[in-house]
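The data blocks that follow each hold one structure.
Common to both upcoming complexes is chain A, partnered first by chain B, then by chain C.
And now, the complex of A and B:
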C-alpha cells in the first residue's frame, strides 16, 4: 500500500505541493491573520464541497467526459436536505438524503449522457438548464434560509481542532483510491478515457464504466450538499453556480487530463486546496475579490499552456503514461 | 414567381403589423425585466405588478434572466422590443450597455424605462425608484452607527461589480460616512457575484483579516444569507452587526438569532405596482405631476421632471420586532 501511495505521487503532485507551500509562505508573510488556526480551519471548511465534487469530477474527466451541471446537482440535493431539516426529520435522515438525491440525479445524468450518446459537454449543459429550472421550481421563489442546526451540530463540530467533515472527505477519497488502484475499475476508466474504441475492442464494458463514473459523481455532489447545508444553512436560487467551473479547474490543475485517460486524486485535492487558499489569502492581503477569478483563470491557462508546450496535452502522448498493472491480461 | 412571393411577403407583413396593432388596441402591455428571476424580492415586485395590471386594466409581462447576466438581460429586453410590447421597464444590470437598446425601442415608438436599478445616461423615459439611492445609503449607515457607535470599522459585501443600483448605494454610504461619521472606517467593497456561499466565505475572511470589525453590510440581496451565516459560524453574534438590503423573509432567521441587527429595504410589491402604473402613464402620454397618489396606492409618490425620477418613498427598516409583519 505504501509503495503504491508513493507511486501515486508524481511530478505534478510534487509541483502542486511546492506551490501550496509557496502560497502559504507568501500569505503568512503578507497577512498576520493567514497562519492562524481559525483561518486555516475556515479554509479547510470552505474546501469541503469542492473536495467532494472534484473527486467525482476526476473520474468523469478520467473517462474522457465532463459534467458542467455538478454545482446545480449539489443545489438540488441541498434542497432535499434542507426540506427534511425543516420537517424535523433529524440529522441522520437529512444527512443521508443528500447522497441519495445526488445519486438519483447522477443516474439521470448518466442515462442522458451515456445511453443518449450525446457529447458530454452538450448533454450536461442541457441538464444544467433543466436542473436549474428544477431548483427554481423547488424553491418557488422562497429561499431556504436559517435552517435548523441539526446537521451543523454534527458536521460543523471540530474534532481535535479540525472540521468534523474532514474524516468523511478523506474516507471518500480513500474509497475511490482503493477502487481505482486495487480493482480493475481504475484501469477501465483510464482505458475508456484513452480510447473508447480500443477499450471496447479489449472487451471492456465502456458504457458501464462511463455510467458508473457519472453516478459516483452524482453521489459526491449529494454528499457535498449535506456538508453545504451543515455549513451555510441556506439555499438561494443561485446555489452552486460557480462550483462546476471551480471543480473542473481544480481537477485539471491537479493533473487530470481534460481529454481523459490520466487522473490524479491527490492532485485534485491539492488543486482544490490551492484554489481556496488563493481566494482566502488574496482577500486577507487586501486584493479586491474582483481579481480572484482572474488569478484562478491565469493559473488554469498556465497549466494547460505548459501541458500543450510539453506535449502532455496529446492523446498519443497521454497513452504512454498509462501504466498497465501486471494483471491487465485478466482485466477483460 | 419572384413577384408573387414578394406580394405574399408584403401581405404577410401587413397582416402581421395589423394583428400586432389590434392587440395593442385591446389592452396596453407593460413589461418588467428583473435582474434575476426566482428570488423573493423580484417575485414580490411581480405580485405588485400583477395587482396593478388588474386594477389599471393593462397586461403585465414579467420575464428575466435566471442568472445576473447583463447580456442575457439585454437579449430579453430586445425580444420584448421585437414583440412590440408598448412599455418595457428594466431593473438594469449594466448601465453602460442600455443606451443602444433604448434607441431601438424609440425607433419602434416603445416606451423604455428603468425601475429598481437605473441607467441615468441611457435616454430612458423615466426611472421608478424604490427609495432614493441617497435615502438608502444614508439610512443603512445611520442605523449601523446607532448600533456600533461612531468609532467603527465596517465591511461591505456586494454582488456584481456592474450593478448600478448597488454601486450607487455604496457611493452614498461613503458620502454619509465622510460627512457625518469621520471616525467610521468603511472598507472597500468585496464582490461575491450572485453566490451565497461565496458571500459567506468573503464575510468570514473579512472578519478574520479585521478582528476589530464591528459591522458587515450585505449590499446585494443574494449576499444576505451568506453574511448572516458567516457571522453565526464565526461566533461573532453580538460583536459584529450584520445588515443589508434584504427582504424580511431572507433576513428573518438572522434578525432573530442576532446575527443581523436590522435590514433596510422598501416594499417591492408597491414598487412593482408603481412600475406598471408608470408604464401606463407613458403609453397614454400623460404628464406625471410632481406629487400624486396613483390609483390603488395608499400614499403619494413624487416625480422629479428634471431627472425623470419617480420616487416611491422613504426606505423601511426591519428589525426582529417588526419583521413578522412582512412576507416577501
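And now, the complex of A and C:
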C-alpha cells in the first residue's frame, strides 16, 4: 500500500515536499515574520500567476519546446483586462478577456513556432521583442494604473480565510491534469516530446499536439493576467520581465524534462511554491529583491547540474547504458 | 548552401542602401560624418558579441549563447568595482577580458561537461550574470574609468572609431581566416554540420566547443572594455537585449541556426545593417522599444524565409 502510494506520487515530488518543509523550517527560525498567517497568505497569493503560467509551460516543455515570451504575453493580456475594466465592462467580461486575449496570442506563438518550423527558443525570443513593442503600443507610453476594483472584489475576497481565487486555480490545475492523465492528449504530448519522428510514425498528429500545447500555454498566461490585474490593478512597461525564467525554473525543478517526454504537474505546483517561499524567505532575511533573478537562475542551474550528475539528463550516459544488457531495462 | 551564402552579402547590401536612402529622404540632416561614427561605435559592441555568438552557433549541437548581454554587463561592472576598490587602473582591460572569458568558460563547461542543453544553461547564466551585475551595483552606473582608455574609446580616424578599426575589423578578418584556413576552423564546420561523423573522425568536439563558448565570453569581455572606454562608466545594463540583437545579426548574416553553414562576413554586414536601422530610427525620434520589436520581427522573418526555402527545395 505504502509502496504503491509512493510510486504514484514519485520520488521527485517527495523530495520537493521535503525541501519545502526544510525551507519553511529554516525561514521560520531565521525570521519571526515568516510563519505569520498574513505572510503565508501573501506567499500563496503570489503563487497564482506563476502557477498558472507553469501549467502551460509544463505542456510546452513536455513536447520538447520552450517559450521565453510567457511573461510578456501575460502583460499583453493584462492590458486587455485593464482596458475593459476602465470601460466599465464588469468583472466577468474583463476576467474572461484575459484567457481570450492570451489564447489569441497563443495562436500566434503556435503559428510562428509550429507552422513556421522555427526552433522554439529563437522564435519565442523574437516574439518576446515583438510583444514588448506591442505592450508599449497598447500602453501608449504611460502606465495603466489605478484600475477599478471590480475584479479585485471578486478574486481578492476571502472565504473562510482562504482566497476566493483558490477554486479557479485548482479548477485550472484539474482541467490540465485530467487532459494529460485521462485523455490521449497526455500520451501524445509525452510521445511527441520523447521522439517527434517515432510519434509521427505511430500515427500521432505531432504538429497538432505541439500547436495545442502553445495555445493552452497562451490561455494559461491569459488567465494569469486576470489574477495579475485583480491583485495589482496596474500594468507597467516592464511587466512580466523575469516570469519566463521563473516559470521554466519552477517546471524544471518540478521534474519536467527540458528535453521533453517527461512532465509532472504536481511537481510544477511544488516547484512554484518552493521558488516563491525561497524568494519571500530571502527577502525577510534581508537579501535585496534585486538578487531574485540570480537566485532563480542559480537554483535552475543547480537542479539541472544535479540531474546531469546523477545521469537523468545525460544523453551520452543514457545511450551508453543502452548498450549494456544489464542496464538496458533500467534505461528503457 | 552556396545559393544562400553567395546571396547573403548582396541582399544585405541592397537592404542597407534602402535603409540609408529612406533615412536620407526622411531626415536629410542625418547624412553626416557624425552619424557614421555613431553607427560604427554601436556596431563595435554588437559586432564583437555577434562574432562569438556566430562561432557558438556554427558549432552546432543546438549551440546558442543567451548569456552574452549579461556577460558584457557583469564583466564591465566587475572591472570597475575592482578599480574602485583600489586595483591598478592598468589592469582594468585585463580584468574585463579575464572576467568575460571565465564567464564564457563556465557556459562551455555546463554545456560540454554536464551536457546541459545550451539554451537552458545559458538562459540560466543570463539571469545569473545580468542579475548579479545589477544587484552588486544597486542598478547605478560606476564612473571613473581610467583616463588612458578614453582617447582610444572615443578617438576616430576620418570618422571611423578607433575601437572599430583596431578591434572589431581585425578580429572579423582573423576569424574569417581561422574558419577557412585552419584545422580548428574546419573542425567547427565539420562538427556543426554532422557531430557524429566529426567525433568518429577523431575531432576533439568537446574541447573545440568549450573553446567556442570561452571565445564568446572573451568577445563579450572585449565588448565590455569598449563600452567602458567609450561611455566612460560601467553601466550594469549595458548588455541589455544583446542576446536578441546578436542572434538576429547572426541569423540575418546567413548562419544556419542548426550550425555548420555560414560565415562571419555576412554577420558583420548584418551588424552594420541592424545598427544603421536602429540609429536611423533613433534619428527619427522613434522610441527605442520599437527597435526591440523590429529586431524581433526581423529574426522571425529571416528564419521563416529559411523554412520556406527548405520546404520548396528539400535537401
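Everything below uses one rule, namely that the second predicted complex is superposed on the first by the 302 of 332 C-alpha atoms of A that agree within 3 Å, B and C clash if a C-alpha of one lies under 4 Å from a C-alpha of the other, contacts with A are read in each partner's own complex, and residues count from 1 in each chain.
One rule holds in what follows: a residue touches a chain if its C-beta (ideal position, glycine included) is under 8 Å from a C-beta of that chain, and two chains touch if they have at least 3 such contacts.
Only a predicted model underlies this, so the values are computations on that prediction, with no experimental measurement involved.
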Open item on the list: Based on the shared chain A superposition, would you classify chain B and chain C as clashing or fitting together?
Closed with: clash
TODO: Scan A:156 for contacts with chain B and chain C and give back first, second, both or neither.
DONE: first
Open item on the list: Touch test for A:136: chain B only (first), chain C only (second), both, or neither?
Closed with: both
TODO: Based on the superposed arrangement, let me know which partner A:288 touches: chain B (first), chain C (second), both, or neither?
DONE: both
- [ ] Using the touch definition from the top, say if A:242 reaches chain B (first), chain C (second), both or neither.
- [x] both
Task: Partner chain in contact with A:296 - chain B first, chain C second, else both or neither - done: second
Open item on the list: Quick check for you: in the superposed arrangement, does A:304 touch first (chain B), second (chain C), both or neither?
Closed with: second
Open item on the list: After the superposition on A, what does A:46 contact: first (chain B), second (chain C), both or neither?
Closed with: first
TODO: Mind sorting out which residues of chain A both chain B and chain C touch, each in its own complex?
DONE: 132-133, 136, 141, 237, 242, 288, 290
Open item on the list: Touching residues of chain A toward chain C in the complex: what are they?
Closed with: 66, 68, 112, 116-119, 121-123, 125-130, 132-134, 136, 141, 237, 242, 245, 248-249, 252, 258-259, 288, 290-294, 296-298, 300-301, 304-305, 308-309, 313-316
Task: Interface residues, chain A side, partner chain B - complex - done: 31, 33, 36, 38-39, 42, 46, 49, 132-133, 135-136, 139, 141-143, 145-146, 156, 228, 231-242, 279-280, 283-284, 286, 288-290
- [ ] Provide the residue numbers of chain B that touch chain A in the complex, in ascending order.
- [x] 36-40, 43, 66-68, 161, 188, 190-198, 200-202, 204-206, 208-209, 211, 222, 224-226, 228-229, 233, 249-250, 252-254, 256-257
Open item on the list: So in the complex, the part of chain C that touches chain A is made up of which residues?
Closed with: 62, 64, 66, 110, 114-117, 119-121, 123-128, 130-132, 134-135, 138-139, 241, 243-244, 247-248, 251, 257-258, 287, 289-290, 292-300, 303-304, 307, 310
